[in-house]
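Beneath this line is the structure, given in structure tokens, with notes to follow.
Residue numbering begins at 1 within each chain, and the chains themselves are lettered A, B, C and D in the order written.
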Amino acid sequence: MKLSYKNTIIAFAVMLFLPLLIHDNSFLMHILIMSCLFSVLLVGWDLIMGYAGIFSFGQIAIFTIGAYSSAMLSKIVGLPPLISILVGSLIACGVGIIVALPSLRLAGIYVAMVTFLLHEALISMIRIGRVIGTGGATSITGIPPLSFLGYSFPSIERLPWYYVSLTLAFLSYFVFIRIINSSYGISFVALRDAEDLAKSVGVDDYRSKIIVFAMAALFAGLAGGFYAHYMRLVSVRILGLDNFILLLVMLIVGGLGKFPGVIVATFIFTILNEYMRPLEVFRPILLGVMVIVAIIYMPNGIGGIINFITTKFRRFKRIS
Amino acid sequence: MFNQLISIFANGITISSTYAIVAIGLSLVYGVSKTFNYAYGSFATVGAYITWLLFSMFDWMNYPVAIMVMIPFMFLFGIAIEWLIPRPLRKNENWEITTVVATLGLGVLLANLVLFLFGPYTKALPELGGGTVSIGHVQLDWNRIVILILAILIVVGLKLFLKKTYIGMSMRAVAQDIEGARVVGMKINHIFALTFGISTVLAGLCGMLLGTIYFLTPSGGWEIFIKAFVIVALGGAGSIDGALYAAFILGITESFVQFTLGPIWVMPFWFIFLMAVLIFKPRGLLGIR
Amino acid sequence: MLKVDNLDTFYGELQVIRNISLTVETGDLVVMLGPNGHGKSTLLKAICGLIKPKAGKVEFGGEDVHSFSIEKIVEKGLVYIPEDRRLFPQMTIKENLLLGAYNPIARKEREKNLEFVYQLFPKLKKMYARTVATLSGGEARMVAVGRGLMASAKFLAIDEPSLGLAPNLRTELFDKIHQINKAGITVLLVEQCVTEVLDYADRVYVIEDGRIVYNGNKEEVLNDKDVKKALLGIE
Amino acid sequence: MEKQEERKHADKILSPGVKPILRVEKTSKDFSGFKALTDVSFEVQTNEIFGIAGPNGAGKSTLFNVIAGKESNQGDIFFRKKNIARFRPYKVCHMGIARTFQTPELFLSMNVYDNINVGARFGLSEKHEKQNADKIMDEVIELVGLTASKNVSAGSLDLFEKKLTTLALALVTKPRLLLLDEPLGGLSPHEIDKFVKLILHVRDELNLTVIIIEHLMNVLAEICNTLMILNSGAKICIGPPDEVLNNKEVIKVYLGEKNVKS
């Protein structure tokens, strides 16, 4: 039941030295940076959808809110990027809580509808928000680069950014593992497994649900903020259907509530997606086919396969 | 001013009637098989492009023939899709969410297939009826009037089918108690497929009707799906009457919002409206369990 | 007519039915008794093909039940009436009954069967247009039995028909079931309430903890003091 | 621990039948037109075993749901003089009411120990109890007799062990009032015997008041101080078991003429 830190630490160590091999390949570095940022968003999504069992489709909307808030705070208000990312995440977190409130009494399918509609409504809101500097249908450009102790991180320089996003990603994995192993994590899973029973033994369902919405939103907001300052450009294209499905596929193929699965899937699919770009119109077609095939033939996702292998391995160790 | 209000209202009603068709189709499948088909909008796109193809291939093409061709085509298409995607997925434990993702995948696939086959340029369907008709000082397009009539025929026909025919009754039975239907000896999978086929036909017809008002684009179905989705949520998932009422409520407000605030406000407005309704009625207006 | 051979059924890892064999002759009314949760319902479901057994075989009219789909089993006349009725709540009584005749054979005999059901339960004929959700427990039970008959059943497997019924309604229902049996339909009944059924039963099986612990015909049960006491709680 | 002694002592003085722990007043529950409960009122005395019986659909489980805060109702429910009628389930649990469900639900992705741990983490409301959560858990596991199957996954338990686990899960929240919804359903005679003994033992050991819904009249007659019969959502009789079981109306609507023991 409890998640261990061991594998995550090993993975972190490996990733730390990965640039020794590939730092010349700027494209690959870029993909890895994106994978790291997306994985933060997805870990939060796995928290709410996989572990708490709440059908939330608003994760990318909240990522976008985090990205736009942070971009606007640093570009228009002039806050230092780190601060604006922080404040942006808090705004995202607040939106998460606002969405949570009506969702408390809703059946699963309606939560899916409300959150999905948030996603769709946000596209219009950003267009409407042109007057306050959202860039409307185009984009916000010229977002100041991240800076820390006087050093600024231009996105052309991949290596520093690689370490920034790597640190962010692994910090969030550790936080995630901590949450899952904490009382909160237990209450999420308990409510998912048997809601009435959980309530009857003292789990405050409203509180738990609000917290899980807030935490998932915090992950998404943080990822969004860093994304904005890395890309130095945000546009409504993040909310596009192809992006939505790509990220959802990472979550599902990774395996709901089967922790490292989602991260593995993030890296696989981000890389795959980038390398398929030359295929143009065939890319989404191929992606669609892959999704359908993967879901039909791998119902428990990559996480399910990882669990299967590790239990086999443990049994093997015990026998020998 | 008054005349303007009337014509906004009239436009709202015609649009609502097309929304009602898709929303009912979406809700019907959910009611019977508890499956949400996220590729539904792309089905409408497919229907519209098939109609366009028919008109561009044959000079003598007219709408009655086009409809006669489209209905069996969309029906078989729907049955094939049901057999290919929701059916194998229904066996596994997270089937609700995996069908969502798989049908989303299908939606993207279809939209891009259309893009690949027909190109990115917009296309237009011929109108159902030309010219306008004046009632008092209010002018109405014949096209919209025909749409409204057709939509009413479709909805009434569907309701009669569900109410009066034995097959329709079986579909309602599966929606109400699937275990009971199994005990009685119904072939559940056949009924699922049939329902999916019918809903696909509805999507196709709606795509065709909307194609006579708006231009066709490969990704246009997505907006239709989202609207149908909100309507279903508001009306109550699985409820056909709910979808019907909700389609008119939202369709008419949509045309007023469009007129007063601009089209971009429609989605935020619907979002707030839906949230407000769900706070008081957590299962939509006429939701089933 | 029905032959159950060394049946084993599991519920997850829990064995519910342990090596049960029994036979039901054509035209009999057989009762399976036993406390709640001892595998009677599971056995009945396994007999009707709704649950696949781990081991053993169920033969109906000489054919292996589990080689058919449920639709096919119903079509052959082996009809299961669940304990929780499973009616279609938003439909009328008549619609429910008509849907009982779903299989192609029953569909041809629809009018005849409907006549039989209405004759058996005149009350249903009178209120045919009522929505099932508004019915009382007893009325709903009648609809459930009626819907089973509509499938042109040769063999009715009824799960706890008396559940939740007041004693006078129970007696009435058992009387109807007896009439059904007399009309030539074989009946297998699962029950907890013992006294009322016993008068009609041709054979009684007692199931405890997934096993048949007793079987005998009516006279044997009534003459056996120990069994009588254990079953009926009366001296 | 000291407080526990104190409580024991206090309860000894006020022996059963003197001090009501729960008072339900005019409880009604309406499910869109269907009256599941109409004006049910009764009192449960501290430390007694209070039985509820009646035909299926009589509203027994609905009554539990109402007391436990799962369903709203028109009417008042006083638990230790406090009106808990508007409390949400978790709050009712913190007040000292624990329940089990008719179908033994468990957290299926966890093992037995983790299941009980959920109750210990969230069900204990007082600070000194929270600090001793691990100890309380071990005590309850020992008391119920689950020590050997602590690490078994909840999904692979048999019915009896499942019932033991749900009981432990209820007890670990340190309740004063325990609601048991058909705890004996599906058990073999031998297991029923064991479980009834366990309930009595637990009641004495932890100083509980117990409300139990059951169909097995002989068990109810044996262990209950008070018995209440519900029919179609209304109370038709309440009193000592032997009185209730000979009541004409109870015989008519529930037991049936022929089933009455001479």
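Simple rule for what comes next: contacts are C-beta pairs under 8 Å (C-beta built on N, C-alpha and C of every residue); 3 or more make two chains touch, one makes a residue touch a chain.
On a predicted model such as this, the values are computed, not experimentally measured, just so you know.
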Greatest separation from chain D - chain, by CA centre: B
Distance between the centres, which are taken as Cα means, of chain C and chain B, whole angstrom: 43
Chain centre separation in whole Å, for chain D relative to chain B (CA means): 50
Multi-partner residues of chain D (at least 2 other chains): none
Set of chain B residues in contact with two or more other chains: none
Touch-based graph of the chains, sorted into line, ring, star, complete or other: ring
Chain-to-chain touches, reported pairwise for every pair that qualifies: A-B, A-D, B-C, C-D
Sites on chain B touched by chain C in the complex: 166, 169-170, 172-173, 176-177, 179-187
In the complex, chain D residues that touch chain C: 55-57, 155-156, 158-159, 185-189, 215, 218, 252-259, 261-262
Complex contact set, residues of chain D against chain A: 68, 70, 88-91, 93-94, 98-99, 101, 105-111, 114, 117-119, 121-125, 166, 169-170, 172-173
Interfacial residue positions of chain C with respect to chain D in the complex: 12-14, 35-38, 137, 163-167, 170, 193, 195-196, 208-209, 233-235
Residues of chain A touching chain B in the complex: 49, 55, 102, 105-110, 112-114, 116-118, 120-121, 123-125, 127-128, 241-242, 244-245, 248-249, 252, 256, 281-282, 284-285, 287-292, 295-296, 299-300
